[in-house]
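What follows is chain A paired twice: with chain B in the first complex and chain C in the second.
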Partner chain A sequence: MNKLMKKIMISVVLTGVAFALYQNFSLMPEYQGLNEGLSNYIIKSGLNDTGSLNLITAVLYDYRAFDSLGESTVIFGAVSGIVLILSRKMLPVSSKGLSFIVKRALGIMTPFIALFGFYVITHGHLTPGGGFQGGVILAAISIIFSIVYGSAFDYRRYSPQTKTLFETGGALTFLGLGLAGILMEGAFLQNLGFLTAETGTLISAGSIPYINIGVGFKVGAGLAIIFYSMIQKTFEEDF
Partner chain B sequence: MTLRLIISYFLMITGSAFAIVTVLGLLRFPDVYTRIHAGAVVLTISAVLVTMGTAIYVWDLFLSAKIVLIGIFFLFSNPMATHAIARASYKRQIALPEEYEIDAYSDYLGRDA
Partner chain C sequence: MAVLEIILVIFLVFSALMAVYFDEELISIIFLSIFSLVLTALYLLHKAADVALAEAVIGAGLNTAIFMSAISQIRHGDSD
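Our next item is the complex of A and B:
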């Protein structure tokens, strides 16, 4: 009897899922041949739909935003697994860093690298770039600190707790904008209409710049956490 | 108008000639330190000349300013990286110090951390 009930429940749930899938599938447009497919539609009306000058960002964070959420979840899973396997309580001081000249010269250059990273993140909807690329540049700053100033320097300034805070904050920004899309526009990760402005300005394109900033902080902090989990006490001497 | 283009082409061609000299030095010099010297000195002025020529070629205020910033970045980063490589190869004894008659760098070792 119990088994029969279980089978009935399973078939009811499966029927519901099939009905929902059919509902969504019937909303899709007819097959229009390979020449008039989706790419032509995006090229023609992507700017009107999203307000983003960079069509790749429009696809990544508006049309396929759910896919990008999955990608950042993949990064989150990778960071969690690597930290779980490789983390240790005390960070080993692997080196004293490079010579005085390199330290001072990088002290001059590092603010410009950070500025370039933030530029790539915040102008993701106007110029080539976006959250993932700018986040990698921000993570490179952390790696440069570890190599040039010794691994204890960056550890003292930005502890792993701070980096974890940045990463979860970025992920929560992404999810919060998705839930705001449900509340205000009616679909998950729908572009928020009230945030649009004149095309080409810095704060335009709905929720795309904010998703970019969240993804940038998430990727940068995640890659820095991966790097600091993986460095070993390999090079003792200073070069 | 045309004078600006001529100046920019002159700067770019001079930079390219310096780059060719760099490649010649990297191929023809005998050991690691002289090759590093070729890469440091000549390649830096080559990159700076090419960026200056490009900045004059586009002749737009913010674009030129960005390109000049890239040139200043080269001016800082290339000697610094070359210094790090030379110091590391000296400490790792890539080329043995006993082969040279003058070894002035050994006097300075240990003074900067």
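Our next item is the complex of A and C:
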């Protein structure tokens, strides 16, 4: 296939995608303002229903918690597939890492990154953020360890077994809270009413903070496993 | 507000085009990272703080690291 054919094919595919997107967006309803529709209901009664100040977290982990469970399952499947394909042996040949100055500077910065990650996870129902974002920040620490200190350091500190434990623990926390919703409130992933406290405090909003912590550990450990299994072959060839 | 938004959108389109235009993978990845940062600023301008945080962390941080490790693996084989 020559260059011209390739370009024609790419333009045809792009035109098709643009047409499909235009069709989809033209089917969407007009913007009706904040006083009508489903968003109005959530803005009005979201705080009363869930006790969560951050309404996006209220939608993600209370109204649509089942969708979030599906997202976590997708991430779990992706991690399993990548590890199955890429992972040959658990301990790779590691690099020596970067220079002394970078190592010391990131040694000072890393605890604050971890603190920010835990802040974003645990304050998911009060301020912007939540389990997913905070979990990715925690995964960034593992990436920093792999790049700056060499992946053997990452292996010694947080071995893949520990990460697997964190991931399954987070998923089981999510599912256990869902089953607790069946037993106590009558529906899967129903918000646990007896955990609700005064609005605005750290431990309030029923089971939302605990689901946040579970999802945070699950996502963070899962993405760290993905990066670890992608990086190991590189260092085998380089050093 | 509107002027800043127009400037950001122009810069967004520019960085997306540059990411497609260059043949070197490294430059494309850096422009994708810039794309994510500009998109974060746009989300923040529209008061979607949750999405902005997710975009900054995933798009500018994690994607760049994973793409870098991916191209460092394909660099060894010979490509056209």
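Here, the second predicted complex is superposed on the first by the 193 of 239 C-alpha atoms of A that agree within 3 Å, B and C clash if a C-alpha of one lies under 4 Å from a C-alpha of the other, contacts with A are read in each partner's own complex, and residues count from 1 in each chain.
Keep in mind that, in the parts below, a contact is a pair of C-beta atoms (placed from the backbone, for glycine too) under 8 Å apart; a residue touches a chain by one contact, two chains touch by 3 or more.
Source: prediction; values computed, not measured.
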Superposition on chain A - do chain B and chain C clash or fit: fit
Chain B versus chain C as contact partner of A:105, first or second or both or neither: first
Touching partner for A:136 - first (chain B), second (chain C), both, neither: second
Which of chain B and chain C A:204 touches, first, second, both or neither: neither
First (chain B), second (chain C), both or neither touched by A:72: neither
Touching partner for A:56 - first (chain B), second (chain C), both, neither: second
Partner, of chain C and chain B, that touches more residues belonging to chain A: C
Distance of closest approach, chain C and chain B, by C-alpha atoms in Å: 15
Contact residues of chain A, present in both the chain B and the chain C interface: 237
Interface residues, chain B side, partner chain A - complex: 69, 73, 76-77, 80, 83-84, 87-88, 91-92, 112-113
Residue numbers on chain A that touch chain C, as the complex places them: 54, 56-57, 120, 128-130, 132-133, 136-137, 139-140, 143, 147, 223, 226-227, 230-231, 233-234, 237
Chain A to chain B touching residues, read off their complex: 96-102, 105-106, 108-109, 112, 237-239
Contact set on chain C toward chain A in their complex: 49-50, 52-54, 57-58, 61-62, 65-66, 69-70, 72-73, 76
